[in-house]
Amino acid sequence: MTEIPQPHPENLTPIDRSHMQVSDEEAIEIVGMNKWFGQFHVLRDIDLTVYRGERIVICGPSGSGKSTLIRCINALEEHQKGKIVVDGTELSSNLRNIDTIRSEVGMVFQHFNLFPHLTILENCTLAPIWVRKTPKKEAEETAMHFLTKVKIPEQAHKYPGQLSGGQQQRVAIARSLCMRPKIMLFDEPTSALDPEMIKEVLDTMIELAEEGMTMLVVTHEMGFARQVANRVIFMDQGQIVEQNEPEAFFGNPQNERTKLFLSQILGH
Amino acid sequence: MTEIPQPHPENLTPIDRSHMQVSDEEAIEIVGMNKWFGQFHVLRDIDLTVYRGERIVICGPSGSGKSTLIRCINALEEHQKGKIVVDGTELSSNLRNIDTIRSEVGMVFQHFNLFPHLTILENCTLAPIWVRKTPKKEAEETAMHFLTKVKIPEQAHKYPGQLSGGQQQRVAIARSLCMRPKIMLFDEPTSALDPEMIKEVLDTMIELAEEGMTMLVVTHEMGFARQVANRVIFMDQGQIVEQNEPEAFFGNPQNERTKLFLSQILGH
Amino acid sequence: ATLDDVKARGVLNCGVNTGLVGFAAPNAEGEWEGFDVAVCRAVAAAVLGDPSAVEFVSLTGKTRFTALASGEIDMLSRNTTWTFTRDVDLKFEFTGINYYDGQGFIVPRELGVSSATELDGASICIQTGTTTELNLADYFRKNNMEYDPVPIETNAEALQLYNEGSCDAYTTDASGLAASRATFENPGDHVILPEIISKEPLGPLVRHGDNEWGDVVRWTLNALIAAEELGITSANIDELSQGTNSPEINRILGTEGNLGEMLGLDPDWAVRAIKAGGNYGEIFARHIGESTPIGLARGLNAQWTEGGLMYAPPFR
Amino acid sequence: MSDTHAQAAQLAFVRTETIPPAPPPVAEAGIVKWLRENLFSSVGNTLLTLVSLWAIWWVLSATMPWIFNGVWNADSLRECREILDGATGACWAVIRERWTQLLFGVTYPADSYWRPTLAFVLLFVALAPVLFPKAPRNLLPFTAIYPFLAYFLVWGGSVWVPVMAAAGFVVGYLVFQRLVAQSFAMGFFGAIAAALVFWSLSGLVTPTLTAIAPVTLEAVPSRDMGGFMLNLILGTVCVSLSLPIGIALALGRQSDMPIIKWICVIFIEFIRGVPLITLLFVANVVLAYFLPPNSTFDLILRVIIMITMFASAYIAEVVRGGLAALPKGQYEAAAALGLDYPQAMRLIILPQALKISIPGIVNVAVGLFKDTTLVSVIAMFDLVGMIRGPILASTEWNGVYWELFGFAAALFFVVCYGISQYSQWLERQLQTERR
Amino acid sequence: MASVTDPEPPRESFRLSMLLNDTRYRGYTFQFIALLLLILFMAYLGWNLVRNLVDQGQDISFEFMGQPASYDINQRLIPYDSQDTHLRAAFVGVLNTLLVAFLGCVTATVLGVLAGVLRLSKNWLVAKLMAFYVEIFRNVPVLIWILIIFFVMTAALPAPSAFRGDDPDSSMLFGAFAFTNRGVYVPRPIWEAGSAIVVAVFLASLVAVFAYRRYATKLLYDTGRLLPMGWPSLAILIVPTLLAFFALGQPISLEYPELRGFNFQDGIQVRGSLIALWFALAIYTGAFIAENVRAGIMSVSHGQTEAAAALGLRPRRIMSLVILPQALRVVIPPVISQYLNLTKNSSLAIAVGYMDVTGTLGGITLNQTGRAIESVMLLMLFYLVISLTISAVMNLYNNAVKLKER
């Protein structure tokens, strides 16, 4: 039971790490951050600095606060104590700051959350037009560019309901990219997908990583973590329990809880 | 693509095969069975003999008739042609025969189908009390016995809605066992579960297998099949296309469709 | 002031019954006609010069007073009984009486009842929301009799119940009884009992406190009554309004004196009012008189000179 | 273990050729089978069938001769009875004679009947793009114009009044477009202010315009609306007015600002807690006290105000259901993309929530449409009021109940059943879409 | 997981500019504006009211409620005559409202459940017939139904005079029930000495039925033996009461209605207006309840039936142990709001002259006193109290039966 099985990255597309350089500018800085849901202490004293260009994978058992952490970063949840600085802007309850941060940070959800009443193209141009005030024409060109990038330009005029899960998730990624964010957050982007479709989404994310995007990814896809991440963070009970680079993390986890978790997740 | 990846059973609890002997008494005998839904021919000329103590895994693409096959066995669906004999009783539209067969055969569904308005304990004692006319006290003892076996005795007084999916599925297994069936049917028992919970349910099923229960399991968990089954059946378009013992089935599938299916299912 | 409002608007808003044949009901063409309606038209003719410049607002017993109080209508001409509380407490001003009525009963002849005192224990249909309900309660209480009131919303439905035998008697103002009997299949099968159990002086009313407008309505009605007394009819009015040797006629018709000016109207006001539908007697005869299906005798409503109570104050 | 292998190996099996699908075995087919399965499958069922057959026969035998033996040509009930001469039969003549009154009331000018009729027909054209997802989109501008057109047709008067009213909306919209970029609140209130200014100014020019280009229809005051037309007017006007109010109330009730939430909750629960008839009493006898002295709101307007309040409370509840049915992820995705609250509501949440709510809204509309008959209780001459008032009070037709109420019931049934069938169709449509 | 002793989240100091920009304070700004607008609007209405009242020389006062009503009410559940106050008249009306609402709800439930279940019947004809009933009644205004039923009754049933004479046109059913167009006259029970015992026995056997059923269940639980339920229950309910009744010399007798004077006397009169209102409301609301019942039964997923069947339960037991308990949770809340609708619709009593609270307080009292604001206010208050009570009950029920979730 203590011997940890290894993730198998071999099935993912081989990766070119040449662009994936980490600068020493800080993209996100979290200091002593705490969050409560009512009386329930979800996040405890989180300290985390993400540098530009980093690809961070966050894992941990269900309920450990992974989602809450990344949702705090773009103010979908409010934190109560500590400091979060995103791209130089400190997150406070000031609306202006929140707006600034949200337009720098893209987010991809587990359940895609595409807008079902809009076409794929409209999904992608909505925010650029209304938030960035981009002219429609330009917004559509950008959208087509990113849709091409995620390999579904031909679906632009369909509705989300007509696409498969994997395609929908790729649209969701494209939609975020259309806002030209500096940082991308992913909250279990593949866990609502059928096994056949996971790969196409991971491939898209890998491509993104190769281009040097700063990424925070909550995922249980350990193959992906191993291949792409330059840091893996393990959370449990609202705390960052262990962080390390993937080789070390998978090869030689330090914490008991990490070991237990890895053995379960890489199990069946 | 033609090289078939292998299922990895190593993560499942190691198994003691000592009890798992197959006798040569017939538990189920299906001969030339056919079934139609309206004009649609779902099951075509099914011939299958299951011996007491056998663990059979049925797999196949979606819509191939797996569910329908096992639902025919306990008369949840009526077949129109051919013969099904369960534990010596032939399935006919005679109500008494149906009753006899249903009390010999337990069934576990994909979506648990626990009764949400009853506690776990009441779920387990309902049928023994009203069908088997077991005194309540005795029924509760039996129920606690099986709940202990599936490792959730402490949840006995909660309601299904308060349990996790894995726990609910284990309750569903316990509920079936409380009727002391001779044969258990499983229809994709783990496919509605989150990854972390699959293992706990599979472990329960393995334990059952070790005790020598006759089991028919529709599942895509190939690790489980490899470890537990003594026969794997592949269905497609309402027919049994291939059956073999797991080693041979996975190692050297004969039929093209089987190969294709296995490569997809064991993919990423 | 209401008078100015009406002139400015060019239309008189007049509240009438929702449908009581002879008094106020739309005919098959959808035009309102009837005894109460004629008063409205006379006022409209006097003030606006056009008897058809009236917007009729049909009102139930319940809504009539609020409609008047709130200014939705300028005057109410809807067989409304002049009572102390309505005048004093509800703050309205009755501007005269155009019909002296009293509450009576109608019963089928086959019942063999000839007096209201024999109605002990009867079911009595009654249109709810009127003073009749109170009179009925008082009458039976006074005579120590039991009865079973069957209240119903509209006159038509009350009659239906009465005709089907759901009640033994129907009570309402005697004028209404006569009007209703006229619509029966066999009017002769029904008797109106001799007892009149209440005084029901009916007349138009306006809001309290606007005396100028009250005067206009009051004297328009009086002009109609006086016209009958003085023999002014729609037939001879054109001729008479050239001038006569009767000073009072001249004063009414505006050829002498300045009564119209005092009212805030022009001298011809009464001429137009009378031309609109004739004098009081003509109006009565056309809508509810003996030659109509309703067939009411003048009775109390005859001129004082003929033994009735119609007595217009002098125009001077 | 070895024996397991041995046995399984024995059973090893590969199918090389596929069995083609075959038709199902022929059970006894046709009508006999259907009858047996659906009507006479057991003793109890047979009994039920027989009882039902008897009930159907009983009802039909009582009504059919009456209906089909009816008299169509007569001038009064008496004449009907003479013609029938003791036989059972309806006196349909009343419907023939009072047909226009039943539909348009007593006082609507007869030579203008085509106007409300045309407005009614156009209503379907206007509603089509809203109600049928597949209807041509380019009808939408017509939908926007329709309210003004319908007003002009039904009420008449100078065409410039509705034109100016519409222009006010256009001005408001243009201002909104201009200002919304800065902030929604600014756009919203700016638009309202602009429209108000425009309307007050247009009040001055309308008479001039009318004098220059006198495009007018005979003006008909609201008081002259009656009959089934009044029911339809009240129904459509109140439902359409109550939609925006209902949506605002629903959003207010969902809000996390306690005061706003409680204002909405109290309003909604108060309105839903009292019968419509008491609200009509309010319109009838109380509302006047709360309006500035001497303001003469006519009754139909007061009734529209109260019914609109009534309907908006119910619609608010329906829309709230629609809002609640949206997954939280939609709100979050909108927020994560940087949309602010008004944008998220307008672009993402409401379009979806309203779509889900359409069947519910249609149900409210049907209920409300039926409830418009209640205005007869406060002496308005809607269809029921016409019957109970002028027609039954008339000498000729006093006593014709069945025919008139039967006619009214049939009219309402056709409309309401039609609408509810539509709503069910839509619900099915939405269900398949969601899948 | 998290210990409760963790420090509370800290607070930050307040700056004025936060009123518009800060997510935490923006809300207060909006609410303040909303409240201000509301207060202004209310003040405007109030000011108009005051001015109107002053202009018309009126006031608001509830004194009139203490004055004699001076009208009669034909159906009184408590003693009342025309000298009693308006308040008492209103109260008579309230009781009449509650009476018709109660009768209506009971009947509507019976009709609705029957129609709802039958609509799911496998019998095609019955299912179609019930669908027909539901559609016809749902889609025509209840006011029209009330009027139709009322006029049907007055037109179709004989007047009491038809019962008169040696060879009457109509006669009473069993000599005990008279169906007339004034209503239905039924015998009135007369309670003599000893009747209390019979009633007591009856109540006791009611309790006994429940006891028996409990015992039967317990026996099943203890020993696995299942006693029959239906016939024994019925027997326990009826037999002791009958025995007591005859043993005590028939202490309860019936007073039959009898035609004397203009009307039937004695007995109990169920007025035509009550019957019309009652049936119209019941049939109309029943159609809605039928839909709720149908939806409730269909809401229980097919998987539940299958799971129960797979456990070997028979169809009847599946219905009573698995489907019904779950369907009821779904059915009862909408049915309760149908009750609420029925109660509110009972205010249409006025159309047939049934003297409910809308007919007394909101009708004659309002008319005779002209106190519109006060009367309508009291009327609304009454209905509001009723509906708040019903919703409170519904919430209690919902909370009680809510399925336990995580």
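Note that the chains take the letters A, B, C, D and E in the order they are written out, and that residue 1 is the start of every chain.
Everything that follows uses one rule, which is that a residue touches a chain if its C-beta (ideal position, glycine included) is under 8 Å from a C-beta of that chain, and two chains touch if they have at least 3 such contacts.
Nothing here was measured: the structure is a model prediction, and the numbers come from that model.
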item: Given chain B and chain D, the chains that contact each of them; value: A, E
item: Set of chains adjacent to chain B and to chain E; value: A, D
item: Selected pair, greater C-beta contact count between C-D and C-E; value: C-E
item: Chain of greatest Cα-centre distance to chain A; value: C
item: Centroid comparison with chain D (C-alpha atoms), farthest chain; value: B
item: Closest chain to global C-alpha mean, per-chain Cα centroids; value: D
item: Rounded Å distance between chain D and chain E, as computed from the means of their C-alpha atoms; value: 27
item: Centroid distance [mean C-alpha coordinates] between chain D and chain A, Å; value: 47
item: Distance between the centres, which are taken as Cα means, of chain B and chain A, whole angstrom; value: 38
item: Distance from the mean Cα position of chain E to that of chain A, given in whole angstrom; value: 56
item: Residue list for chain D, restricted to those that touch at least two other chains; value: 285-286, 288-289, 291, 293, 377, 388, 401
item: Of all residues in chain C, the ones touching two or more other chains; value: 62, 66, 69-70, 153, 160
item: Per-residue multi-chain contacts in chain E, two or more chains; value: 52, 151, 155, 350-351, 366, 372
item: Interchain pairs in contact, sorted by label; value: A-B, A-D, A-E, B-D, B-E, C-D, C-E, D-E
item: Residues of chain D touching chain A in the complex; value: 181, 327, 329-330, 332-340, 343, 347-348, 351-352, 355, 433-434
item: Chain A - residues contacting chain E, complex; value: 34, 36, 39-42, 44, 63, 78, 80-81, 92-96, 98, 237-238
item: Contact footprint of chain B on chain A as seen in their complex; value: 5, 11, 61-62, 191, 195-196, 198-199, 220, 264-268
item: Complex contacts: residues of chain B adjacent to chain D; value: 17, 20-22, 24, 34, 36, 38-41, 44-45, 49, 51, 80-81, 230-231, 237-245, 248, 254-255
item: Chain D partner contacts - residues on chain A that touch it in the complex; value: 74, 76, 99, 102-103, 105-107, 109, 111-117, 126-127, 130-131, 133, 161, 175-176, 179
